[in-house]
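Below: a set of structures, written as structure tokens.
Same chain, two partners: chain A is paired with chain B first, then with chain C.
Up next, the complex of A and B:
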């Protein structure tokens, strides 16, 4: 046998003018769309640069958000620490509440629901995913909040000795807990959608093998489906986290905006960057507007990071399937 | 050398199981579990401060958990774990349905009071939000939403489809990057899209809030949805028909426009409709860009424009009982539009490409 390896000849593609133009045009269009991400970053930085220059690092560590006094007695001061903390607190509550339910919905739809019901429920899930956030907000404010205040009181009376559930002033309205609960309901469809897709790709032969070895349904799910879908679950959760961090109107309606770092999740003190921007925007002067742009940039970079990680994880889990 | 010993004491041959069927024995045992749970639920309900239907539900679930925990300690078998798991999964699923059902029924129940014929033909020029519900309407908001969403569709749908064509048809060097970035773009918070358009279009070019700015902000949010769905649709087209087209000497341009795109026409329409449904209810970016206006208005450059989400938001912030009723009425119309769009998209996609 000879050592000569036979490899295919490299094909030389020569394209006509029309194709070159077409490909160039499509590339330009696609690049333009993607460039929007860069443009967002550039413009917000451009508008908010003065704020970063004026306040430096204290923009991230201070939680004071005050316009300059009219008589000039005190200068303006802007810092997003409280809002950043608030965003993360609310989003964390949302994710913690949503993930177990999202998992059980995904498992139910893939492995427990009757086939006929499944199609209906999947469409229902898609419908719920498209409910506008302002409607979640109005529902959360009028229907959920009275209930959630009751839960808050119960939580507080039993677990009030834990600092997390302590309430300095006994007002339970518009707390991070309520906002987090509402957000959990809002992000559940997206977490479920991603998780369910990955769960549905779990190798059928391995599941059958588990059954063949005498495993129960839960045994098969625990040993095959859950390990297989782990990165899908993580990716979906990160996507949900990204959504929760950037949610504006619903949070605006059910969370009391106070510029103070607060970890007592049942107290009526909180805020997040997005809803702060929405609520200050109307009455902001030129300088405060710049501060809002800077806060928007911070929010943008935060959610972008979370989303980059999410899509990297989801893509990897899809490739593994 | 290992010596294999057979268990001599007792050889247990288990009954053949039928995991796909719910055996009668499990039914009886399920009933026992449910019975005990109800007893504990009644105790919990009377002892703790839980109230209402939701309180009953919560105490039943708590009771169920307690009973199941006790049973699992008494009876350690994998079949038991299996039953616990299926109970937990089903309970988790059922609990999720509660807010959904509540939201939909509330919107219908409360929204219907605000709706009368004039609700669709009047605007709010001469009426204020807290006037009786038989005056004024949302025609201006409906028209505004149609205009704003229409323009943003004209911008985002072609761009999104072009991005998908680049990823699937051209599959150039940057295809993976474009795909990754469009994915990341779908996570841009809506308020940031609004801020971006405000800082570029409104401050620099038009100097006032207008519908065009709103449309641009929405198209930023719409583009990734269209791009991603179109990509999925284009991927379904079999390679063979592209190759046949090339073999007949067609250029890539002709192959794309005469062969690939016509095949997936309804899929692309679906992608566009999904994009519209994604943005039709967006409030935050519109508050910053097109804002709200009380009058029916078709000029997209010179003045703010009403839209359904901003109408709902405005009515909600007015805060009186009547304005709240108006907000529910607006929500009802908005949710109907979004649901109608989603259902249309789903029906279309089910018919065309046979996607799951």
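Up next, the complex of A and C:
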């Protein structure tokens, strides 16, 4: 017996025609979306390659964005440093403002709100998520900005000694702070939705255990729900961050585009890769167009990375649950 | 049976329950093993009067009156869906955490209705502890943090936490096994150890009553035995109510038994008596059929 060579039998699955057709159909759909992603990446790389070759690493470190002079006296120079920093600054402000708010909303919906109100609020939040970003931009410019400028002044007068809140010139219009505040509202629904989903899966038996030990609701949330939902919160935040990094038109309307690295968030100096591309695209010559493609690739890879990290973290938290 | 209506949020005040007299057993009928304990029983302890429970419109439990004498073990038995777990959860106001649930009747704890308007429900739960079906230590905490979690949650001060930790783990019969790894995660223990850890966690608040909801249903026979020993030990100093599906377990650990049954409608208490009587000479034929395994 033990001498006989045993090899596993080949198992053959014969599929029916309808199964084959459907399989082909869904496979095509799935491959198509991956292909589109790859093609976009390849297109941007192909069109922007010359820029990376010409400017090398200084494309990332320089803040100058200048087309060649018509008389040939100065060559073109392109660098995305200011815009890249601007993107990150604005997105960070958005996330910092949105996360505590989203956590409260998620906890309220899941553990405090009456069923009917909860359903109403959830659909309202979905509605907020569906507002087109140009509407956000117009609203942000006309309604939010006048208020936010007041907040900026207050912040500046109390906390102006911190470099972050310092303003070189007392102009508070169209600052990273205002853009970040607007973005915070825009990403609130997605962070809330993901966080709420994870909070709702917090193990009931552990919540019961906390209650059984004479815990208040807040105690049970602190002991069980928040530790359990930690990675969901991080995942939701990353998804929001991805959107905040890529947001174009709303930021374009409420942020003053200046090619200068700026960490004074209340000052009227800022930028963001996406809105920069939108603003330069119309009047760009062929060479600047290539630079814009290169900038687009940088943005694309940045948001792609953030989104991948987000889904990895969310998946990990689902497995843990 | 009285006409009972559910009152939202467990504020029961309009019901006049029909009171079934508490289990009253002549002293000479008491079993020898627990004779010493039973001497100590008085009118104190825990007593349910005309308790009803609802889940939304579903009437799950009707008109249960039962007395749990101090320092005794009462087993709640009956087939699935007869309302015994629901009844257990009305005894420390855990029932009200289920959305749209309601109850009626009174639960007297040392003579005071725990559903009274001036009673703090979270405080009641520190004095009437609970251990659940599935071992549920807090995964983010180590063994010692788990045992002492209740102090933090209920905001109770303790003079000497190390002593309390050792005392609770000893009473739960777990000290010897974990004393060298108190900083290990609670989830690193076996199922039976985890359940005893949960008992230790409940003991840290020094409750007068301990409610156990099928504490051994997820455990192997060896661990079950250890938990049962723990229960018998604990009943020297506290009142214990245990829901169990296991007739042998009820016979082994309980002084009194209460048999619940649902005839399709809400679950009701069929009878309650000394465990020895319930198993040898029940007054209701359905009890006899159930304890002898003819149904359920």
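Assume the second predicted complex is superposed on the first by the 300 of 321 C-alpha atoms of A that agree within 3 Å, B and C clash if a C-alpha of one lies under 4 Å from a C-alpha of the other, contacts with A are read in each partner's own complex, and residues count from 1 in each chain.
One rule holds in what follows: a contact is a pair of C-beta atoms (placed from the backbone, for glycine too) under 8 Å apart; a residue touches a chain by one contact, two chains touch by 3 or more.
This structure is a prediction, so every number in the text was calculated from the model and none was measured.
A.B. asks: Which chain, chain B or chain C, is in touch with more residues of chain A?
C.D. replies: B
A.B. asks: Pick one for A:223: touches chain B only (first), chain C only (second), both, or neither.
C.D. replies: In the superposition, A:223 contacts chain C only.
A.B. asks: Examine A:164 and indicate which partner it touches, taking first as chain B and second as chain C; both and neither are also allowed.
C.D. replies: After superposing on A, A:164 lies clear of both chain B and chain C.
A.B. asks: Please work out whether A:69 is in contact with chain B alone, chain C alone, both, or neither, and reply first, second, both or neither.
C.D. replies: So A:69 meets neither chain B nor chain C here.
A.B. asks: Tell me the contact category for A:310 with respect to chain B and chain C: first, second, both or neither.
C.D. replies: First partner only.
A.B. asks: In the superposed arrangement, does A:213 touch chain B (first), chain C (second), both or neither?
C.D. replies: second
A.B. asks: According to the stated criteria, A:205 is in contact with first (chain B), second (chain C), both, or neither; which is it?
C.D. replies: second
A.B. asks: Do any residues of chain A touch both chain B and chain C, and if so, which are they?
C.D. replies: Touching chain B in the first complex and chain C in the second, residues 211, 214-216, 219 of chain A appear in both lists.
A.B. asks: Per the contact definition, I'd like the list of chain C residues that touch chain A in the complex.
C.D. replies: By the definition above, chain C touches chain A via 92, 94, 97, 99, 122-126, 129-134, 136-140, 149-150, 152-154, 156, 198, 201-202, 205.
A.B. asks: For chain A, which residues are in contact with chain B within the complex?
C.D. replies: 15-16, 18-19, 21-23, 26-27, 29-34, 36-37, 39-40, 43-44, 46-47, 100-101, 103-105, 107-109, 112-113, 123-124, 126-128, 130-139, 141-144, 147, 150, 153-154, 185, 188, 211, 214-219, 221-222, 239, 242-243, 245-249, 253, 274, 277-278, 281, 292-293, 296, 299-300, 303-304, 306-308, 310-312, 315
A.B. asks: Would you tell me which residues of chain A are touching chain C in their complex?
C.D. replies: Of all residues in chain A, those touching chain C are 115, 203, 205-206, 208-216, 219-220, 223-224, 227.
A.B. asks: Along chain B, where are the residues that touch chain A in the complex?
C.D. replies: 14, 17, 19, 48-52, 54, 78-79, 81-82, 84-86, 88-93, 95-96, 99-100, 102-103, 106-107, 158-160, 162-163, 165-167, 169-170, 172, 174, 177-178, 180-193, 195-196, 199-200, 203, 220, 223, 227, 251-253, 256, 277-278, 280-284, 287-288, 309, 312-313, 316, 324, 327-328, 331, 334-335, 338-339, 341-343, 346
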